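The structure under discussion is supplied below as structure tokens; questions concerning it will follow.
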Amino acid sequence: MTENRCLSDDAFDTQRDAVLNTWPTGAGIRFEDGLAAQRDIPPDKSFAAAMKTAREQNRILLQPRAGVALIEEHVKLLKYLEQEGGADLLPTTIDAYTRQNRYEEAERGIERSRQAGTSLLNGFPAVNHGVAGCRQVVEAVAAPVQVRHGTPDARLLAEITLAAGFTSFEGGGISYNIPYAKKVPLAQSIAAWQYVDRLVGRYEAHGVRINREPFGPLTGTLVPPFVSHAIGLIEGLLAIEQGVRSLTLGYGQAGNLTQDIAALLSLKELADDYLLEPSGGEAELTTVFHQWMGGFPEDEAKAFSVICWGSVAAGFARPQKIIVKTPHEAMGIPTREANAQGLKTTRQILSMLAEQTLDDAGRIRREADLIKREVANLMKAVLALGEGDVARGAVAAFEAGVLDVPFAPSVHNAGKIIPIRDNEGFLRVFAKGALPLDDEVMAYHRERIREREEAEGRPASFQMVTDDIYAISKGKLIGRPR
Amino acid sequence: MNKPTTVVLGVIGADCHSVGNKILEMFFADKGYHVVNLGVMVSQEEFIHAALETDARAILVSSLYGHGEIDCQGLREGCREAGLDDMLLYVGGNLVVGKTPFETVERKFKAMGFDRVFGPHANLEEAVALLEDDLRRHAKSD
Amino acid sequence: MTENRCLSDDAFDTQRDAVLNTWPTGAGIRFEDGLAAQRDIPPDKSFAAAMKTAREQNRILLQPRAGVALIEEHVKLLKYLEQEGGADLLPTTIDAYTRQNRYEEAERGIERSRQAGTSLLNGFPAVNHGVAGCRQVVEAVAAPVQVRHGTPDARLLAEITLAAGFTSFEGGGISYNIPYAKKVPLAQSIAAWQYVDRLVGRYEAHGVRINREPFGPLTGTLVPPFVSHAIGLIEGLLAIEQGVRSLTLGYGQAGNLTQDIAALLSLKELADDYLLEPSGGEAELTTVFHQWMGGFPEDEAKAFSVICWGSVAAGFARPQKIIVKTPHEAMGIPTREANAQGLKTTRQILSMLAEQTLDDAGRIRREADLIKREVANLMKAVLALGEGDVARGAVAAFEAGVLDVPFAPSVHNAGKIIPIRDNEGFLRVFAKGALPLDDEVMAYHRERIREREEAEGRPASFQMVTDDIYAISKGKLIGRPR
Amino acid sequence: MNKPTTVVLGVIGADCHSVGNKILEMFFADKGYHVVNLGVMVSQEEFIHAALETDARAILVSSLYGHGEIDCQGLREGCREAGLDDMLLYVGGNLVVGKTPFETVERKFKAMGFDRVFGPHANLEEAVALLEDDLRRHAKSD
């Protein structure tokens, strides 16, 4: 039964045998070897340390997304991104077959990529490459490396990559299920991620701190900040229970500067409020900002603007990390050059803004407080549904639509929430479905939406929402009628 | 048309991109089609099975995540084997890995047996006009 | 003798004969023909009308810079920029020989460009191409076209281009001398520009409104807003006296968002304060913002950031026009593709920001008031030196260093002012030379600079200024010590 | 060196870009050179005349505005005609119209007789090191 309780050693070890045997590269992985590998890693290649230092020094670290099918090519790619692109942190983005545990298909993808002389996979199939293959990646580069994916059941992936020396692991039982899967029951993915978190907790117990990062942006499409914040907090609570101590909560740009700054500010405060105490005051809490995660403009000059606009929000809000997009976003997996361009353009904005501050006449504070209240609405209902247990509460909440992610593919997501932009481009809630937002909050949203209805002379509707989905890719923030 | 034409819609392979799929469903339904939307992560077998079951005239395949080239191979042959000789096959999205000139992509997928190929910024009004056209032509040859 | 008095018809006509005979293409130009050409121009190709409408509709128009040696190539270039780049307003940037009235050299440049099959001139030699050649340009495009240059004595250029149907003319007796020339006495350039303004005034008197635009950015290099604002107001006063009624005052981005928004806000207010009354309330006053006019980063991805950051400031401050830079800025005259990219990236930012507002907790207002006070300091001194006459005052003020442009090439500029960035990147005055800034103002600047000295642990110095000059091209706003 | 070496500095042609010129003056003076700065808009004749007058060892030409190719032609010949056979000629800036690979630009200006060619993002420390070197070599051959 789903519950937020630290996995016992017995329960963990029994699972572990089964997990390691799902694919040949897992067989015989010894935790001690992983520990040794992790202990060999110099401190400046530790992701957790980098995030902590960034918080202390008020720095913003840049990280791209990148992954190709073959080890050698992947290493070249990462080296290019750190040397030419100046990435502070490196990714290893996993291909979509591996994310679905379809290792046979990944194997075929590797073979066909070898034949084609170019990657036919959309990421690095880490499980197929095994511990030794993954270690080559980690050892070849100077910066800390993180596994980035979208895997409902990432137990084997975690076993292999952590044993190989990756020092951070993205994802969570909700954020890597609801936006990434169709039929995986939530209880199942939460359980799988409790295993992953417990694995990290075991490293932690042996003095090795691995960074964990719930995936903030979810579907990347008009997700109101409070939705992703609540899910991030839940995944944080689940991770901490399993012993995780370095935790980075994420948020994907919404597009209105005030709302984005407010969202990052509130996320930081919420993390402290909800996660510090359960960790016995020990958790190292940081935030990550994702540049616009929805549809991008096709034109590269316009894509640069979207990247820059995200960087501006981050420059004022100062998260510890930015996940950087590229001018190729709308078209396909970026070339390494395009990826480096994304990094450079972001860096230039950040350094031009480094000393600048913004105090939006209290509007940022007001919006942040609104978000915190919305999150409190949700968290209260989740805990009530779980009778105090956040894991059970999360499962029940998704069933009841009390947690609800817009446009998600999962059949376990209600899909009743409809977000929409207001007349200044803030994301608001048009239809709340079963979200337990209080009346005053909803009245506020409705009033803001009404302003837009009046300005456009049309009622809010699904057409308006569709216009909002397309807007940025068509060069606007708000999907105004043509 | 008395009875609305049925089309099967879905995102092929291990692809989870659901936003475009939801929009396409609404769009084609709005245009008067009966849309059987299989959602994301649909296998070739599921597409063919649904087309058989629902007497569909066209299968609209999406692929966004880059594995389209691998996932779509054999769909035309599968249709033929299932006796769906006349089935219209449309495909759209970010069909291959990496930014690629559209002509190259189109050639590739037409060679695989797709009737129409669309990029990620496809104009849906144009797509539906083509579909009407193709359906009319197919009807004649029936 | 220099004075701010409307040129008499006699004085004008005598000059005119001489002017038209300085180069064969000028001979025999009849004002009536120019008038007829201007009257033929449809209203949507009038620059003045476009600027006025932009102000009324709160729109921001985009204009690139562009000019090549040959007519046909130049037309192609402009068409591309309006069709592919979506430019709202078009330029015709004049080559540097023409700017110095060196028409023989321009002629050689045309010939050699023909031979080379590519433009060897850095602009369009409008004088050499004559009225008929220029008319081809204006007629070929749909948008209003402006002459942009940097010519101390632009009398013949104005006669030819206005007769050909150009509807706006950039420049002024100070702004097209001090940053653009070495030895031309100020009284001489002011007199030449009184002629140009009078020519525009004559068109105005015949019902044809030509737009005039003093060149705001001056040397483009760390120019504090109050310096360029004061010069813009002086040129505005001179233009209005000669009968100009459509006037666009300019400002070049400084880099700190608050200061840039404040600068545009104060410029708008100052224009109303100083220029409306002298024009009998008739002047149509608008503003133009120049994206960063100093040294650009070489890397194109970084250049995009600089362009975007300028667009952000403009998006919040909402001038009527932006002069757009390109990703090639640091390297050379842009290709038409690079030029279109500059336009697209700017447009994308502006439309994403269209509905967003910013209220920087009163800091924008405070900074704007500071700028207005500094400008008042200068204007008072200039008028005092001129005994009430702003033309005489301007000449005397430059002699005395009471007006002083940083880094200018002219021997008639004192060059004693040293600007520097403060610790947040605002441009401040490190050495005021003979600028008549009051004590309180200077104390404020000094205090801000002291903050930076402390932060960097080094005294403000010319090395620090040099670091600031290079900063943006090296990816920062402030030139911190390495 | 007892007496500081004299170099002539200036921006050639009708070019008004004065910022780099001011920085170069300061930089070379700081390095111990006697800098004769002619400022902007300097003709070939003025460069040569100043070099003769001041017994300069090198002429440092800047061109930013794009007409460098036209403006610089003949300077080497002019020097020779004036008897300045050994004169070091350096040139730097945005030397041609339009973004051009540096190699192309360098080739062009070396063919015109310039000893060293620099781009707009030239490292001045490296430039002065090269100058020291070139001066030493020239001194030997004297």
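A, B, C and D label the chains in the order they appear, each numbered from 1.
In the analysis below, contacts are C-beta pairs under 8 Å (C-beta built on N, C-alpha and C of every residue); 3 or more make two chains touch, one makes a residue touch a chain.
Since this is a predicted model, take the numbers as computed values, not measurements.
Centroids of subunit A and subunit B (each the mean of its C-alpha atoms) stand 31 Å apart.
Centre to centre, using the average C-alpha position, subunit B and subunit C are separated by 55 Å. In whole angstrom, the spacing between the mean C-alpha positions of subunit A and subunit C is 46.
Inter-chain centre distance (subunit B to subunit D, centres taken as mean C-alpha positions): 66 Å. In subunit D, no position touches at least two other chains. Chain contacts: subunit A has no residue touching two or more partner chains.
If each chain is drawn as a node and touching chains are joined, the picture is a simple open line.
Pairs of chains in mutual contact: A-B, A-C, C-D.
Looking at the complex, you find that subunit A touches subunit B at residues 96-97, 99-100, 102, 105, 108-109, 112, 118-122, 150, 179-182, 219, 221, 294-295, 298, 328, 330-335, 338, 407-409, 411, 462, 466, 469, 473. Across the interface of their complex, subunit C is touched by residues 13-19, 21-23, 26, 39-41, 65-67, 69-70, 94, 96-100, 120-121 of subunit D. Interface residues of subunit C facing subunit A in the complex, by the touch rule stated above, are 255-258, 297, 299-302, 304-306, 308-309, 311-312, 327, 340-342, 344-349, 351-363, 423-425, 472, 475-478.
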